[in-house]
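The next block holds one structure in the form of structure tokens; read it before the comments.
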Amino acid sequence: MAGNTFGTLFTVTTFGESHGPALGAIVDGCPPGLALDSGDMQPDLDRRKPGTSRFTTQRREADEVRILSGVFEGVTTGTPIGLLIENQDQRSRDYADIADRIRPAHADYSYMHKFGVRDYRGGGRSSARETAMRVAAGAIAKKFLAGQGMRIRGYLQQLGPIAAEVLDWDCVETNPFFCPDPDKIPEMEAYMAALNKSGDSIGARINVVAEGVPPGLGEPIFDRLDADIASAMMSINAVKAVEIGAGFDSVVQRGSEHRDLMTPEGFLSNNAGGVLGGISSGQDITVSMALKPTSSIRQPGASINHAGEPIEVVTTGRHDPCVGIRATPIAEAMLALVLMDHFLRNRAQNGDVESPTPVLPAEAPESP
Amino acid sequence: MAGNTFGTLFTVTTFGESHGPALGAIVDGCPPGLALDSGDMQPDLDRRKPGTSRFTTQRREADEVRILSGVFEGVTTGTPIGLLIENQDQRSRDYADIADRIRPAHADYSYMHKFGVRDYRGGGRSSARETAMRVAAGAIAKKFLAGQGMRIRGYLQQLGPIAAEVLDWDCVETNPFFCPDPDKIPEMEAYMAALNKSGDSIGARINVVAEGVPPGLGEPIFDRLDADIASAMMSINAVKAVEIGAGFDSVVQRGSEHRDLMTPEGFLSNNAGGVLGGISSGQDITVSMALKPTSSIRQPGASINHAGEPIEVVTTGRHDPCVGIRATPIAEAMLALVLMDHFLRNRAQNGDVESPTPVLPAEAPESP
Amino acid sequence: MAGNTFGTLFTVTTFGESHGPALGAIVDGCPPGLALDSGDMQPDLDRRKPGTSRFTTQRREADEVRILSGVFEGVTTGTPIGLLIENQDQRSRDYADIADRIRPAHADYSYMHKFGVRDYRGGGRSSARETAMRVAAGAIAKKFLAGQGMRIRGYLQQLGPIAAEVLDWDCVETNPFFCPDPDKIPEMEAYMAALNKSGDSIGARINVVAEGVPPGLGEPIFDRLDADIASAMMSINAVKAVEIGAGFDSVVQRGSEHRDLMTPEGFLSNNAGGVLGGISSGQDITVSMALKPTSSIRQPGASINHAGEPIEVVTTGRHDPCVGIRATPIAEAMLALVLMDHFLRNRAQNGDVESPTPVLPAEAPESP
Amino acid sequence: MAGNTFGTLFTVTTFGESHGPALGAIVDGCPPGLALDSGDMQPDLDRRKPGTSRFTTQRREADEVRILSGVFEGVTTGTPIGLLIENQDQRSRDYADIADRIRPAHADYSYMHKFGVRDYRGGGRSSARETAMRVAAGAIAKKFLAGQGMRIRGYLQQLGPIAAEVLDWDCVETNPFFCPDPDKIPEMEAYMAALNKSGDSIGARINVVAEGVPPGLGEPIFDRLDADIASAMMSINAVKAVEIGAGFDSVVQRGSEHRDLMTPEGFLSNNAGGVLGGISSGQDITVSMALKPTSSIRQPGASINHAGEPIEVVTTGRHDPCVGIRATPIAEAMLALVLMDHFLRNRAQNGDVESPTPVLPAEAPESP
């Protein structure tokens, strides 16, 4: 219980079910004096919202967020920011027939064992619809961090078997997949069309990058920056794995290969992914994660009902065939929340003092 | 700051530097009435401690833990358990010459930026020596969980290029690598011998498994069981990536392939790794992680000193050529701490009530 | 920052300003399976709401609460309960002329120094209007605790110079003061009428009592039941002092007088106020608190403006001449939140086990 | 469970029982760069330690604290500070005969119900001996705060019926009572001598004052500075009541009397006790508290044993006849811990920015 809050100094607490009247959040700990209105959140909410392309669920939600408190005369006051999004397109009737049926790979089975009851309409609280509030809260963090010189961006690195081979940031926002490789977009479109026809779903890999992060964010032992990032990303629906920097490639690397050498001109590589000893190094924070394929598919599968009897499940309703597609803004939001929290924690410690040693350039020199 | 505590209801707070007088921890929240003495912790401490084979650092530490409070007449009293290990073999002189030198891939650079000062002796607080206290605390959790039918075990899945192909639990404790594949041990020995000669280091992959976990542990949104596990593992020194269940393989899986179908006799697969919607399903919790190669190597590398001037670093002193080798008991301990915390959190919610729906067998039937 | 959450396992996070569009709260950690609808909260909200007698502010607010999540088919689901009350009667124009004026004894001065900005309309976040959400959340706790045999009730012990001499619970809800002494009500009415005429305000003393609390709630050192109660009560607007049991009378008591002797039939007195060593004893929890007089009065007073220049402040607008009058349901709510949290914390530790020693009757025998 | 940590950003976690091998604490979140050695803590530990006058318990403890981590080359490093005091004079045999006897007004009854077991030697964890670690930790906070211009001091305002009428700070440290009124000391000595002879004990009132606190510390709603102070003080053994500023006198004050008027030269009074809306105003923080009489007295009293049978209890062993006498340094320490925590929390929010409005002098002008 009581696990619906993220953060220590900059906290986000969310509520709301997929088919309830509304989603909401309280963002606590935002420094005062930040210019803020709902227009700062809407672009990211629009990037995440369903129904914007034929490759995502056809549920239609405007996802318009209202600020109910914490902002006065256009700036934050330092008091909690109440956020609300009213649900509009809840077709609960789609779910009546699954009230006592446990859908494989969903949270139905574990929720029943934990709570003894569950809101079965669209997965209730376990639906990724909850992440709309994370995106809204993350947009506030992003805006504050931008004022500190930080930028957080993400992209779809891989859609099932199709991996981007080029990172063209200008491409990311021009296609419904957040794919950074223009040459792969037609391939992805064809793949998704075939997938839809088959009634199946597919996994994905998302990468997020934070630039301009000052060295010194994070705590040495348990509240490491990378540990908090791992938790943040794994808390996103469907995420099954997280890497920082070289990630699993580190297993086969030698120390002479993995370590990022330094010259006065900067680091010569970034296998660390911007985190050394749990604390930011000033290099880009690089994170990668795996999202499992959507559990709701039209292909029948063996399962049980609440009485423990065998049944066959076919999930109709409206679902994303690849939950990874809409996950990019969510992952960005979570990374922003982690950095925001650690920025404040770090400022508690040192105030605004100057760095005691020279800060290396984040960018490695061209020819080391 | 203040990031040295792990957990919510069962908390572990540690202190101590690599070359300080002692390491210590306070374990708070242990239920009363658990039979406990230091002998319950020593076996895991011995599994982790340095100097037990020629493949680990030659620093000699008995790592004998004393219980200073919280246990009376052989049982826990519900009050905080104070633990202490005195350091014995601190050769601080090894480090005098690195006082103003930043070692690549270590925490030196980020610590200096965060704190402005650092205990450079053996890495101070950033040393993996701190994990001795986690292992001690984890042993308490393991013992309590064993009383609830849970078992947590780990092994070395891969040492650089050499991957175990067989999981023979009986083999794990018979070799210094925690390798579960008897056929790979000679290969690993030869690899490590050559590595030592070269003055280089290598990465590793560790797996941990929790059996007997009841369904219902974990919280739906941020404090998911898998999110907490990801944080716990990423908080271990050198860990750069974490997977639950199918992990990164999920990226290329189809939904029809990934989802774990259910029959009244049990789950038919375990791609979920025992976690559905952030909550345990009753299946084995399976976790895998990557550890980067040791940063301290004898091969020279470019770096800078505190003044930002270029230097060349050669790390002498005593170091593990593969930090992954000793990480198995640490990963087990962290998984035990997560499960212990969520066991208590779940009991807060429901008391000791019976499960509302049938609990499926954890083991899939032989022939589905 | 981030100080808008109360509790550890049963948490209440509130947002909202006096004259913003709405007040809201997220109640996290409520056990599943509790029958709940807004009708469970409305009676306490009505007891607290303004405009119900001529002795409180004439602002009119229906204070109708909506449940936005966490309840499905009439029972709680274990997921966060979102609550919302829309503000209706915000006459912000009353406040335009105080935008840069610091009202004595209000939070204006300290808020300006903390935040650099403030919502001056009705005190913004510092208004006691925020406590509506505490009352709503407290009603949920009260209902759960009632199912465990606990009852929490309060009353006005003293209105300025007029102290109740009789505790008649049946009287409390029959008068606008929550006064338990029928003979004092006319006196209070006359006093308040004169006070209103004078443009001044007055302090009050509120008592709350929890009956049926099982022994064992609370933690030994910092999170003592009485420490958490003290914090909870002092967090109510205008509270300046808190007593448990004998309170300040303890200063002049001898040990032989203060200690509550025990027989197999029960405790012989209750100077402890139901808390021994920070943990409930099974006796009634008795709490008393002082509320300062309302700061907003019509009598002019010296102050400064934002520029530090001397001004004279006369507070018009609509205000309670005695904030203590409406504080009884708030104090009850806070005590319920503390007990709810500790009930869950205690259950985490022990599950639902039987008490190891005989539980003494809460009521002392008639003739010791 | 898990209630042995105080604070949010500057945290103190303690362990240890009255008659165990040692007491310890981990102080986490101390900013780096603070010059610190055990000599900074010893004076306050000596002020609190037993056996220094004939008016306190005759148990002899050197209470010498060792710093085990977190300090390197004489300054704090930002990592957790491990503190240890070994117990020396544990005469556990004094307690063998009370193993199954419940002492009235002690924590015996409530601990048994909570934990099912208890360390009965000297009260185990419920002994005020634990507060030695709070005093040590508080001394670190005091030192840091002194560097920010803050000073925290306390005194015994009342010993049973004898109240100080003069506040002479120079007097406080010259007598074993921390009494600020030189004329009352002989009276107190005579009172205590008679009390010792009678085998009884007496209550006390302690006041603490923080000077130089900048405006802006504290959070608006639940984590108010005064709420945290109330919790901190009530967490001290034997404290039954807490007042801020005018405290219970507020009940009979009128608004025109209570409110602290302001001129550009300063506040004209301090009924608020330095806290407005939960946030410091820059005036002195004034706190008063009641301590109940020692529960361990030689006069026999009715009680029960673990089996619920009637017994008569006479507490021998060594005890303070007035626990209030040694409480002054403890109350100072707790106030320092609260201010330290809020200083850091406030700095997280604003960094080191200048105050947006003029700061009034803390001292009221002589003739308003």
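Order of writing sets the labels: A, B, C and D. Residues in every chain begin at 1.
Quick note on the criterion: a residue touches a chain if its C-beta (ideal position, glycine included) is under 8 Å from a C-beta of that chain, and two chains touch if they have at least 3 such contacts.
What you see is a predicted model, and the numbers here were worked out from it, not measured in a lab.
Trainee: Listed by label, which chains are in contact with subunit C and with subunit D?
Mentor: A, B
Trainee: From the centre of subunit D, which chain's CA centre is farthest?
Mentor: Checked the centroid distances; the maximum from subunit D is A.
Trainee: When contacts are scored as defined above, which chain pair ends up with more C-beta pairs, A-C or A-B?
Mentor: Ranking A-C and A-B by C-beta contacts puts A-B first.
Trainee: Rounded to the nearest whole Å, what is the centre-to-centre distance of subunit B and subunit C, using the mean of the C-alpha atoms as each centre?
Mentor: Here the centre of subunit C sits 45 Å away from the centre of subunit B.
Trainee: For subunit A and subunit C, let me know how many angstrom lie between their CA-based centres, rounded off.
Mentor: Averaging C-alpha atoms per chain gives centres 39 Å apart.
Trainee: With centres defined as the mean C-alpha position, give me the subunit A-subunit B separation in Å.
Mentor: 26
Trainee: What residues in subunit D touch two or more of the other chains?
Mentor: 1-5, 9, 14, 29, 31-32, 78-79, 114, 116, 125, 220, 344-345, 348-350, 353
Trainee: Which residues of subunit C touch subunit B once you look at their complex with the stated criterion?
Mentor: 9, 29, 31-32, 78-79, 220, 344-345, 347-353
Trainee: In the complex of these two chains, what residues of subunit A are touching subunit C?
Mentor: 1-5, 7-11, 13-17, 20-24, 26, 28-33, 66, 68-70, 72-73, 75, 77-82, 84, 114-119, 124-125, 344
Trainee: Applying the document's contact rule, which stretches of subunit C touch subunit D when the two form their complex?
Mentor: 1-6, 14, 102, 104-114, 116, 125-126, 130, 158, 160-161, 200-205, 214-224, 226-235, 237, 240-264, 268, 271-273, 275-282, 290-297, 299, 301-304, 306-310, 345-346, 348-350, 353, 355-360
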